[in-house]
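Just below sit the structures, each encoded as structure tokens.
Both of the next two complexes hold subunit A, though its partner changes from subunit B to subunit C.
== the complex of A and B ==
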């Protein structure tokens, strides 16, 4: 196996987090009363609303800020956020769907080989940090992409980044380094 | 002499005198660092380094507003970092127990310290830790609570434990795991193997009680994994095959197995080198992953073949946990652009009807 030869790796996106604003005040009590699939957390001042399709959970604050989690692609996250905004409109709020932004993407990728973590950490300081007493994986940070990778000895890699493109670039960048430390 | 009239006035705040005053927090912290170094019997140079790290940390803006509890742990973190930088074997557990600290809080302070001060902390060497860990065992001298056949020579136990730990390291039992349970399991097996006749009936729990050490919960699992590896290796030794060894009796032959460790590992487990094994079977990983070129045996996730060599993989790949299956994405899902029109009927499923609202508000009785 050569690091330079073409290797097809599946990157499975497991979670996309996005935010948007409604540009109006939201009455959380009204949402809790008239909305279905809603949990009202009065002590922390927010409402959780779950949509079935796409399967996302929205956290709604009275200021009009909404965070949506659980989507498996950026497009799905946008669609879910818009559907939520429409639901709030139907409840009678003057919602304007603005400031939509994907803030975090979590993805998983499996390498076709096991990785020697101590060797990988030694070869990749200071970007790599390995503390087996705390966590079984190596934590590798790519500052330029604002991405963090958790590399496990089984070859499984969990990537978090600001968007899907950054996640894909992070996997491309890390591949030759993990390949060097493969078993 | 210069004319005193030519001297200019200097305010006290600008003089060095005030800057040299140490705050009470800093003085207490430095004393704590020094005490910790004395308890751990560290060389003088370690103390100086740890104190300098502590002074830098306390003056760093990110540690100004932290809780007192965290500030108290900062000194311990500085000592821990210093020990690691000098390859002095000490675990986080040891520092936490000396400071009566929660490991999660210690870990967060340690990671913040490493990041903010940009300290390079080398990995902990398990081989170095063996000797320090075994120093705390009370089985190397005659004592009232220790039966005579259980007393053992420390150097012999250390040497054999190092070999067992190396074996564990080569067979994926160490990577990603806490070091102390592996050391405890390895020390137990080594000690048992030196006089198996008298010591086989002794359990791991009793061994730890006699040695005066804590029994970490994962140690039983590590012991089980080590014994499985040893049994596999023993099946490759011709003169041991006739004995039909089990997890108890294989301990008697640990000496032989460790002596021929490299050869037995090659025979007992699949190798990755395709030149030795010839054409390889494709792996059973994800459909689009490349075939496992160079592997002479099926990859992880497949059940091991009876009697055949088992792939040398991390234990979690040999016995994978069942994962919840997520629904496969349909072609229509993957065609989502995010800007599709949303019909009223789609939205109405998330709204309650008037009767439902009335019933819900009566049930909740909100003001």
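== the complex of A and C ==
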């Protein structure tokens, strides 16, 4: 982590995506009609329900699968998912809250120094790939953690991974490499 | 082979093989065991010049394939296995594209090697061949360092550059090839040439190179498209050498947007190097390096954000004071509600709204100042809608106005939102309520447990999410209005399907989207189908379309069989005499199936071939079956099952070859 400096790096989690199942068939039309905060997309066959309290947008399919995005922490995601299930219950469906899983976590982190991207790419083949024509950041993939980091020349890093721990350890892993190629 | 063999007749194992004669004979009883043995010796034949050459053919290493046809294959790809076809196809496309890019043979060969590797790793599956080819070529360009951009390739192919980039990245990763990073310096000579500097080309290029290197040190080049930087450098270099190149000309060559170029120029302007004169620049190199422009921009943003925070804090202090006044106002209003003026009296008729507003106000009264401030933040919007500008004034008049506005708020919104009074206002007021009240409950809910059943979840809040009947109806209407187009489409689709079902032609069309395949020709008559197909395919200029059209006009619709059978027979007679190929195609599959087995006709026709010629009536019965297999081949079902057939057959024979090819084409459609 901060092996080489004393500055604490704060990793800000910006988005947590999770899924769960209700194990029962949902009538989208009914949800759309009776929910005050829903958008019904009939052409793709799903309903978007937005909650305010944990700011969450959920995509609900008629098979009972629900994807929940917009939470800022794992707990919040679970909490929001439960509320969602509760509101579906109130609408009259026999909802069972099962198979809850956090699928993706997106976090942002800022390095106190800038980074030389071409140098970094050269030192870190094959994990790093840099195409300035396409995207201004270097895309670094860690297979073991299944995490992807996008490293910008200003020193800010965007990390996506399967859970918060993976994200944190990814940042820890990348720090020494990035430190080498700092400006 | 017959080394360990035993003679079948006498059982002795002494068998003599004579390679010259190709025999295997038993020496005991003399019976011939094998005849015409295939040998693998090299044989020689004599040339015209007197020399001898070996007998044999060259077979390609790639394809195992069958031996080439004796008559000469029609297609190069006929009879080869799929892998060989793919590779050959790929090679052809690589060469085609590479020539457009002016790549030399070595590059093309390397690209083909990459392609072979990609195919063996199954990377071509699920991807457009053109994309993979482009990616291979670009990979070669990168490794060789040619000044070709991905943009060039995408221009040639008319494909989105990001799509190509994705394929390219994947390819590079899978093949474990490290493409060296793009250096903008590589592009300078190419762009300079395009900008036509004449004699001074070299000098301008050198200046531009120096500029680029300076830019690199100043951190302008990381994360930027190399072409943009090149453009900026060239522009400046040109100006330095007294060439007037406008921004537009440079853009056309370099393929970036005008704003990008300007931005690069301004960034360069910010660096200290820009302050040097031309001569100084050529001689001196400044030591210090600058921060990347995005970094400085980020710093600016941070500063602005901090300022904003300080400001907002001050605002909040003010608002805390206002909210306390707000409380007082609202208490007064509760008492003075019936005194509301005439204009607003109408809006207070609806009881439900009244209840809500009173409850809202009641709740608001009970809240803390902080929450009031939050509510005010929300309410600001409504106030703005109502053109309320002096909300922040602390005068009595202002407060009284505020008070009135508070009661007026829900009803006035009603008027604003037009035909949806209840739902809209309720929805919004619900949201205010929710926002205010949930903040109150915040500490409680976060410590909720793991189980679903109600612990930590506030039911009443969730209840608010559920609309009652009238609301639901209104919402349904709204939704219908919004999605009217889609619903219309669906209805039309269903109507169409129902109609087709009636006609018995309904086919289940799965929503597969294959852009390359042509859409199946749907026509109510077979003649129409032929026309459409021919339009698409443009087979031959020798087809007499007039005849085709006549065929259509006189031709039978599929349900009517008996009436038209005779017509058709006369038609085909006429047509066959005119010797048009189209009619051949139509008449032949049915007529001549009996005589000649055309491999390309559907099996159903082939099966029925035997019975066709026998009876006329059978043919009629089979007509409907025949119609179905191939829309194009089968039309005019009951064609010429008549005594004239033999006469026609003779005429048909002449055009055999033509028929074959047209049929093939149609069959291959």
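Note that in this section the second predicted complex is superposed on the first by the 177 of 183 C-alpha atoms of A that agree within 3 Å, B and C clash if a C-alpha of one lies under 4 Å from a C-alpha of the other, contacts with A are read in each partner's own complex, and residues count from 1 in each chain.
By definition in this document, a residue touches a chain if its C-beta (ideal position, glycine included) is under 8 Å from a C-beta of that chain, and two chains touch if they have at least 3 such contacts.
Computed from a predicted model, the values in this text were never measured in an experiment.
Chemist: Please determine, from the superposition on subunit A, whether subunit B and subunit C clash or fit.
Modeler: Clash.
Chemist: After the superposition on A, what does A:114 contact: first (subunit B), second (subunit C), both or neither?
Modeler: In the superposition, A:114 touches subunit B and subunit C alike.
Chemist: For A:72, is the partner it touches subunit B (first), subunit C (second), both, or none of the two (neither)?
Modeler: first
Chemist: Could you say whether A:134 touches subunit B, subunit C, both of them, or neither, answering first, second, both or neither?
Modeler: After superposition on chain A, A:134 lies in contact with both partners, subunit B and subunit C.
Chemist: First (subunit B), second (subunit C), both or neither: which does A:63 touch?
Modeler: A:63 contacts neither subunit B nor subunit C.
Chemist: Could you tell me if A:10 is touching subunit B, subunit C, both of them or neither one (first, second, both, neither)?
Modeler: Only subunit B is touched by A:10; subunit C is not.
Chemist: Between subunit B (first) and subunit C (second), which, if any, makes contact with A:123: first, second, both or neither?
Modeler: A:123: touches no partner chain.
Chemist: So, does A:94 touch the first partner subunit B, the second partner subunit C, both, or neither?
Modeler: Neither partner.
Chemist: Check whether A:43 is in contact with subunit B, with subunit C, with both or with neither, and answer first, second, both or neither.
Modeler: Only subunit C is touched by A:43; subunit B is not.
Chemist: Once chain A of both complexes is superposed, is A:83 in touch with subunit B (first), subunit C (second), both, or neither?
Modeler: After superposing on A, A:83 lies in contact with both subunit B and subunit C.
Chemist: If you lay the two complexes on top of each other, which residues of subunit A touch subunit B in one and subunit C in the other?
Modeler: 33-37, 52, 75, 79, 82-83, 86-87, 90-91, 114, 116-118, 121-122, 125-126, 129-134, 136-137, 152-154, 183.
Chemist: Can you list the subunit C residues touching subunit A in their complex?
Modeler: Residues 149-151, 161-162, 165, 168-169, 172-173, 176, 178, 181-182, 219, 222-227, 289, 291-292, 294-295, 298, 427, 430-431, 434-435, 438, 445-446, 448, 452, 454, 456-457, 459, 461-467, 471-472, 475-476, 479, 483, 486 of subunit C touch subunit A in their complex.
Chemist: Would you pull the subunit A residues touching subunit C in the complex into a rising list?
Modeler: 32-37, 40, 42-43, 52-53, 75, 79, 82-83, 85-87, 89-91, 95, 97, 114, 116-118, 121-122, 125-126, 129-134, 136-137, 152-156, 183
Chemist: Residues of subunit B touching subunit A in their complex?
Modeler: 91-93, 107, 111, 114, 118, 120-121, 123-124, 172, 175-179, 272, 283, 285-290, 292-294, 299-300, 312-314, 316-317, 329, 333-334, 336-340, 342, 344, 346-352, 357, 360-361, 364, 366
Chemist: Taking the complex as given, what residues does subunit A use to touch subunit B?
Modeler: Those in contact with subunit B are residues 1, 7-10, 29, 33-37, 49, 51-52, 54, 72-79, 82-83, 86-87, 90-91, 110, 112, 114, 116-118, 121-122, 125-126, 129-134, 136-137, 152-154, 183.
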